[in-house]
Amino acid sequence: MKIPVGILGATGMVGQHFIKFLIDHPWFEVTWVGASDRSAGKLYKDATSWRLDGVTPANIANLTVDECKPSPTAPKLMFSATDASVATEIERAFATAGHVVVSNSRNHRMDADVPLLVPEVNADHLGLLPLQRKNRGWSGVIATNPNCSTVALTMALGPLKQFGITRVIVTTMQAVSGAGYPGVASMDILGNVVPYIGGEEEKMQQETQKILGDFTGGEVKFLDAKVSASCNRVPSVDGHLVSVSVELSQKPSRDEILAAIHSYQGEPQKKNLPSAPKVPVQYMDAPDRPQPRRDAERENGMACFVGRLRECPVLDWKFTCLAHNTIRGAAGAAVLNAELMKVEGLLD
Amino acid sequence: MKIPVGILGATGMVGQHFIKFLIDHPWFEVTWVGASDRSAGKLYKDATSWRLDGVTPANIANLTVDECKPSPTAPKLMFSATDASVATEIERAFATAGHVVVSNSRNHRMDADVPLLVPEVNADHLGLLPLQRKNRGWSGVIATNPNCSTVALTMALGPLKQFGITRVIVTTMQAVSGAGYPGVASMDILGNVVPYIGGEEEKMQQETQKILGDFTGGEVKFLDAKVSASCNRVPSVDGHLVSVSVELSQKPSRDEILAAIHSYQGEPQKKNLPSAPKVPVQYMDAPDRPQPRRDAERENGMACFVGRLRECPVLDWKFTCLAHNTIRGAAGAAVLNAELMKVEGLLD
Amino acid sequence: MKIPVGILGATGMVGQHFIKFLIDHPWFEVTWVGASDRSAGKLYKDATSWRLDGVTPANIANLTVDECKPSPTAPKLMFSATDASVATEIERAFATAGHVVVSNSRNHRMDADVPLLVPEVNADHLGLLPLQRKNRGWSGVIATNPNCSTVALTMALGPLKQFGITRVIVTTMQAVSGAGYPGVASMDILGNVVPYIGGEEEKMQQETQKILGDFTGGEVKFLDAKVSASCNRVPSVDGHLVSVSVELSQKPSRDEILAAIHSYQGEPQKKNLPSAPKVPVQYMDAPDRPQPRRDAERENGMACFVGRLRECPVLDWKFTCLAHNTIRGAAGAAVLNAELMKVEGLLD
Amino acid sequence: MKIPVGILGATGMVGQHFIKFLIDHPWFEVTWVGASDRSAGKLYKDATSWRLDGVTPANIANLTVDECKPSPTAPKLMFSATDASVATEIERAFATAGHVVVSNSRNHRMDADVPLLVPEVNADHLGLLPLQRKNRGWSGVIATNPNCSTVALTMALGPLKQFGITRVIVTTMQAVSGAGYPGVASMDILGNVVPYIGGEEEKMQQETQKILGDFTGGEVKFLDAKVSASCNRVPSVDGHLVSVSVELSQKPSRDEILAAIHSYQGEPQKKNLPSAPKVPVQYMDAPDRPQPRRDAERENGMACFVGRLRECPVLDWKFTCLAHNTIRGAAGAAVLNAELMKVEGLLD
């Protein structure tokens, strides 16, 4: 008997990624799909223009779309793929009604009592949830995952946190799938680079400080590091590549950094969660890797790939990292969060 | 009466760029083309697979290719597009024989007595030439232009030099034309990013320090700034985009920086050189510019475009800059160098 | 003194192409720009997101946008770049009010009394205009140019018409700029081909029969040839490539076909119209040409390039042809029509 | 106990595709890899630049590369991915020595006594093998699969053969992976289409007639249909798309054609071969499908997708079809051939 789950915003691009990622999931089964009034009452296949590769999964095609409102038929566990323009209200309504909302939306990420999770890095931030329930008087909760580009960076920084991260400068090269559908116009990106993604740099800078922060029991104390991001859209389909320079107060050697990466294991690995990559941060020795098209989909799109570790003439070290933006950076991230919450007893 | 010029390595991709750039040049006329033994004796059109847009220019097509050896028919002014594997010898032979070699090859760029020119930035480095002649006992000289990615960076840093550049971190997104032909395999770059270009980061770091250095009368004193580069190949055709963070000791305001950019003029502008852009560094206010496909070819591909100037949480300021890699970063750069040398009386 | 012209639908993508194409035109000067109510009253630069390369031309930026309604200030010659959803009404209103409407919109193309012009091919179809005036009781007129993919095909078929065209099968590979802005989503076309463009095949089939038809003095008698089109969108930016197989009743030899192409001249060439390519249909001998990125922009984007003429095992001959879709297939086509109309005294 | 297999030309791009496709194959296990003298003696991982997504499969990485010469250690079943320049000799040597050579190379495809197989379409052509053995005095045999673009076409035509195929005109849009590595230069294909692939049109025309021909017991009588192909390279990574017009002597209705496609089953399906797609030719109703990036990899890359069936104004019907060029068009095709040969007892 699998755990029934619902998808808020199921007809959109991120909703479709949730559906695709959850096909054949060993624990969860999508039994409920919610969308806007316009879609409610229709069969999923009729309400949705399937934009991902292949065609609408057969087991979802004939579900009837519900409104995004709490109801007796809605499962307790809700993945939220709702648009930022409506996510605040919808997620709050479901949390109030007792649902566990595991959200990919940005709206509540930076709330002080909402965990912003990368389970390998900060599983203990789940400790915010009892506080959140108390603060808000909710019977349910909201937990979130970061922005797609933040995931690649924070997973790569995870093993380095022990060395004292003090300054980080990153430049991203982000795939078009990160902008949803229709998203980036082909006239804007074919044979081109667009050196701007609205709001992305601020999100990346702030979220990184929260994710790498320490949970004190009562709050998350943000990492006291300066972070600077420059975000670019490039003509790749999937996979956000990030060029990173980092200053580390403890001045580790190259071997110490590599050892930290190679041995890095988090709660998802220790608890053997179904969507957890066996090796969450994988170092590639080839001088020209990782690459989005060749590497992002490996390990079911759930690992972070790191390469080109070398000394930085300005800060201490520089390297390149990569994660699949719509999987590890969105749907897969939320599902891994829910898996962690399940083994922690937070879905009961 | 135009000045006759020769192209060393005329059949290769860079050679073709020289030929294309010099069509209708008001001062120079290509009358001599040199290539390897294999091509020598053939008509240019028969020796060359024309790889640029359109077809082989009619006035060059029927020139007979010569060997890359000094000869009575070779013009005094030689543009060198020779491959690095042979450039050292060939350029030295021509300089020894009294030719003015204006080279795009990397071989002599870092020689202490060879000017590495971005004429807007360091026209006074031409002062190395008498020293070079004396050192080497040559009747000719060699002058060089930088690596294609360095040009975009140093032109953008030119107006900032007055503020005391102390640290620079850059990430490049470079077009495939920078790798020549066949260059980057389509299997490597379609829908992908390759986070590595052999030797490029070192070149960019060192050349920047030389170009922005001061000519003391006897030598070029390198800029005492730390420079860190991360170089990536992206699927654009022309135009290298660079994401830059910079530390400036004098802590100028945003307005002071913009004023410095807007008012920036160098020798090419003051002397009204034919290939000089009227405004060498152009600031774009739109939040998502410059972009390679939309901006690189403007101003005949000879300007540097800058945008997105904003505070950097780690260093002082960050911005994006762009230059056309095969024009301003190669053939056009060398031609502008030769134009400067002409008005300075160095071609006589 | 240039002839003042207006652009209907000036803020859209096609309108922008008109503006760009008319910069420095020797006969015409854009003095009036019309758009929707929403834009009317604003400066052009404020009403428009400039989507083409570079930035809004300076001489147009400060024109005030008018509504698309006849008015005393509107010039007699109007280029129409209006959207198909409103073009019927707007163009009719201007023609009724005495304007010469030279339209790129599809709405009136197939009207029996409206010339659908490719001036090299069917300049005599202008003979429909007196009939149109009489039929409709207009003091003005409407003349049209074909769909962008039709232009490439009909220019290439022009020299072959004399051999008796009886059957034509074509497959197109069309650039994304043909779909306007935002047009094709990058998620749909990066590393992909979309084998469908709504309505395109029907337009190409019908328009070709009209353009290649004969004007009898009273009507255009459509070409009695069967035409079959399959239209595909590919990830190129500009230039529609067409693969053609054709049956010719007179069974010309390869040399006869090539001679017909080489010697092909139309009214634009004979009358030396400013936008006319000297050689309207250019045969390329290289086995792998024409190519969109390398050839479409040659000859100011106004020529049709043909290559790969070889026997077809099913029909008689097959070849590849190319034209620039937003220039020769849209704005440039309409401007050439207006130039022809001027020398024919139809703008007086 | 799996059947051991060898790969001739294992270090090249096609060889890598064989290795990737055979990971986890239920019947076959790669135990032997052969390549040129230069690679022989090295470990596979050291002799090979792995060009496919991800990294060299672990179980192959440490195999020692052998020369492409028959030897006691070489398995009986050999997949040939050898280059055309050497395939004739190598394959002949192995067949002479008793090996079953299942080849992707073009060299023997058109030999009268060599089966050119698309198992769904012409499994009975295996009847040529006894004749081949006798003709050539070999103890082994050679069987081949078609050129990658031919596979898509012949699978789509398979269900239509019963209606009497008399004329076929096709235009292909082929992915860059079809050209191997480095294959197509990025400068040639980014934002471009190349309307020429050397030798491809001839192969497609001839191979189609052989594959769709009838085995009479003594020979394959070629299909008496005229076939015309125009082949283009487009900037997609995997999946060859083909635009097809076909004349059918029996003039079936649309419903009859669709019924033929839907019910189409061949020997691979009937015998439930491990690499056989359950539905070999899949019709897609969406007006804009199939598409290379969205569909080619479905069904493990082994199905042919068809869409857009509509009347052709010149011949009878037109449609679009797609197959994965490196899987169904190369490595997967050969493996399916070998699976068929196994169940037919031809590997014993």
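The chains carry the letters A, B, C and D, assigned in the order they are written, with residues numbered from 1 in each.
Quick note on the criterion: a contact is a pair of C-beta atoms (placed from the backbone, for glycine too) under 8 Å apart; a residue touches a chain by one contact, two chains touch by 3 or more.
Just so it is clear, the model here is predicted, and its values are computed rather than measured.
Distances between chain centres, each the mean of the C-alpha atoms, put A farthest from subunit C. By number of C-beta pairs in contact, C-D leads over the other of B-D and C-D. If you average the Cα atoms of subunit B and of subunit D, the two centres end up 48 Å apart.
Centroid to centroid, with C-alpha atoms defining each point, subunit C and subunit D lie 42 Å apart.
Of all residues in subunit D, those touching 2 or more other chains are 190-191, 235-237, 293-294, listed in ascending order. Those residues of subunit C whose C-beta lies close enough to touch subunit D in the complex are 167-169, 171, 173, 190-196, 198, 205, 226-228, 230, 232, 234-237, 241, 243, 245, 287-294, 307-308, 312-315, 318, 320.
Those residues of subunit D that touch subunit B in the complex are listed here as 51, 176-177, 181-191, 235-237. Touching subunit B in their complex are the following residues of subunit C: 52-55, 190-191, 237, 284, 293-295, 297-298.
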